[in-house]
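By letter and in written order, the chains are A, B and C; residue numbering begins at 1 in each of them.
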Amino acid sequence: MGLLVDIKKRIKDFTLDVAFETYGDYIGILGASGCGKSMTLKCISGIETPDEGRIVLNGKVLFDHVKKINLKPQERNIGYLFQNYALFPHMTVEENIGIGLSCSKTEKEEKVSGMIASFHLQGMEKKYPNQLSGGQQQRVALARCIAYRPDVLLLDEPFSALDSHLKEQLQTEVLELLKLYHGEVLMVTHSRDEAYRFCKNLVIIDKGSSVLFGDTKGIFEQPRLLAAARLTGCKNISECEVMSPQRISAVDWDITLETEKTVPEKTKYVGIRAHEFEMIDADRAKEEKNTLKCRVSNIVEDVFEYNIFLENKILYKVKKVEWDSIKDKENLYLKIPEDSILLLEKQK
Amino acid sequence: MDLSPILISLKTASAAIAVTFLLGLFVASWIVKMKSEKTKMVLDGILTLPMVLPPTVVGFFLLIIFGVNRPIGKFLLDFMSVKIVFSWAATVIAAVVIAFPLMYRSARGAFEQVDQNLIMAARTLGMSETRIFWRIVMPLALPGVAAGAILSFARGLGEFGATAMIAGNIANKTRTLPLAIYAEVAAGNMQTAAYYVIVVLVISFIVVVSTNYFATKERKYIK
Amino acid sequence: MKKRIILILTICCLILSFASCSNMNKTEGSITVAAASSLKNCLDDKVIPAFNAKYPNIKVQTTYDSSGKLQTQIEQGASVDVFMSAAMKQMTALDEKDLIAKGSIIQLLENKIVLIVPANSALGLTAFTDIVKADKIAIGDPESVPAGQYAKEALTNLNLWDGISVKASLGTNVTEVMNWVAEGSADAGIVYETDALSNANVKVVAVAPFGSVSKLIYPVGIIKGSENETAAKAFVEFLRTDEAMKIFKTYGFSAKK
């Protein structure tokens, strides 16, 4: 069983064109703000209607433009966690959690108290949302949309509303709580950390189009597309010219790179993650390929690392301890391991 | 002093608010759901007109509709033996038409203030549209709706121009407080008029104070 | 310095106000005539234009309403120069309050009241007393409208008042009564003969029976303290001329004998 999405929708400045399929894993939708991620969720849930395409959930057709099928949100049995939780302010925690349940009174009470126990909300049953902390509100919202066992759970940037010092802790808690739910989980986020942490598979959306879909770790290692590289946090991206099947010139950085593997013809950009340079001395630099002199233009200090901005616009992030241990910074060179060279195409 | 104008006015205003309240809620929720912005604007303009037009203009249109020499009025008379003009029902109709825009606008404003995300969430949780309206939208919109209802009641109570034109001034039947005040002043009975005026003042004052109370009332679950 | 400016300005204002007073003895300027609704058509359409043909420098401003309302307005200080009411009652009331220039009251015209029905009425009323057959009736408010007073008087003398008064719609001026009947909202009404004749949407059923109602006298008087007494007097004098009377007669009024 799984979720199939293949939709198109004209939105103000661009066209949403998203296609992917999932089979029961956690899948993340990663993209910049305003690229259509939330709209995708809204289309899946039925709150918005695509212009064309199909949405099939566990074999049930939710939307089919050609066959003129368009189930109302009420009929789709999905759970939707809104970014701002959308808890009903005039209802208590109990009432909020139970609102999606349609069963006898005793059954409802049972299920609700079960949820309250699982989500560590004891003692707060009669409180109103405005009396709860951000984390508590999130748990209530999550409980509310899991209570009636939906076929798929849609999370819309679930952690963006939280204070950063709580985020880590809450993310772990939520991960635990999600284990209580046994269905598809679709999470929209603009944070690559969240995507990496939570989602086994990833859909990358760039300006409305789903450009990449696949295993999360694999995408991070080899983004293959410019948009994917950016979204997965690659800080060094340069236009490149393919000089020969194993040589490329990184135009913005004024360096040449050589590769063992053949460079695909469509390669237009090259990327190197800021953490992946290796510090070497002058002797090694003479003998090895893909090295450059470390000419520092500016250093910005973070809590645990330095951001070394080189004169040729490359950014090198290095742990403070490591950098400080280098005595001869005048003759310092950086090596780019071949595996770290990301050959990127512009999206189709 | 003749108390009948007070009773008639209260009767009329009560009947009018019952009709106006339901009509206003229904129309407001219908307009709010509309997708086309242009249609919304045009309809909103038409529905707000009676509030902005001089009551005599409204009376003119009501006459065109219900007058016995006019198509609709004639039809009602010939086929249903119903004559609206000069009847108590006419006072209610005049009050409803004049007060409706107030109720409609208040209700619409209150509905639009409700966070759309809540309605979308309710849909995903499987609540039917009717249930969403009564369990989510109405409770949250209640202060605005209540204030609108109270204002409409007062406006219906004070209706004069259109009432005189279609309901006439029949003692114990269609002579409302405003008509009675006007007649007493015309006759030079300033003292009688003053008594009626005081009644209207007291009711209006209560109305204004309650409206403010409802509009600003703090509810325990809203920050 | 400031005090001096204020003093000079005050003196200028006083001089100007005295200057305008000197108009009192000229036949020019403007006068305000307050008249009963039933006089509106003939005054506006024919009488005042004829007056202006003779006295082009006198501007006549008019206001029409029920005599009762006009009486109240004059009592409250409205700046009116000439008052023409549809009954002696209002004129006498003002006279008793010493608001009318002594000796200026003249009983000018006579009118009659009639029973009217909408032009397309199928009720089949033929006599004044047939009014009881109508369901919705319109008359002027006897407390403030002379036509209403007379209607009450006539109906009382015919022993019909009690039955009629409970179902009658009381208009605050005769025009309102006329319109109710013309629109068909009222099945029958009582208005002045002069009004009925000038509206094609109503038809006259009958005149009030002789003896059922006292004479409908239209007096005219000059308000005391009128700013332009000369012009006001000229207007009143004109109303008594043959020329004016001829016009009044074409509208259905008769001269008070």
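The criterion applied here is as follows: a contact is a pair of C-beta atoms (placed from the backbone, for glycine too) under 8 Å apart; a residue touches a chain by one contact, two chains touch by 3 or more.
No experiment lies behind these values; they were computed from the predicted model shown.
Chemist: Count the touching C-beta pairs: is B-C or A-B ahead?
Modeler: B-C
Chemist: Would you mind checking which chain's mean C-alpha position lies nearest the centre of all protein C-alpha atoms?
Modeler: Of all chains shown, the one whose C-alpha centroid lies nearest the global centroid is B.
Chemist: Between chain A and chain C, what is the separation of their C-alpha centroids in Å?
Modeler: 87
Chemist: Can you work out the whole-Å distance between the CA centroids of chain B and chain C?
Modeler: Measuring from centre to centre gives 37 Å for this pair.
Chemist: Could you tell me the distance, in whole angstrom, between the mean C-alpha positions of chain A and chain B?
Modeler: Comparing mean C-alpha positions, chain B is 53 Å from chain A.
Chemist: Please output the residues of chain B touching chain C within their complex, sorted ascending.
Modeler: Contact set of chain B toward chain C: 63, 67-69, 73, 83, 85-86, 164, 166, 168-175, 182-189.
Chemist: Along chain B, where are the residues that touch chain A in the complex?
Modeler: 115, 117-118, 120-128, 136, 139-140, 219-223
Chemist: Please give the residue numbers of chain A that touch chain B in the complex, ascending.
Modeler: Touch list, chain A to chain B: 42, 45-47, 72-74, 76-80, 82, 84, 86, 88-90, 99-100, 102, 128-130, 144-145, 148.
Chemist: Write out the stretch or stretches of chain C touching chain B in their complex.
Modeler: The contact residues of chain C facing chain B are 66, 68-69, 71-72, 75, 118, 120, 136, 138, 141, 143-145, 165-172, 176, 180, 183-186.
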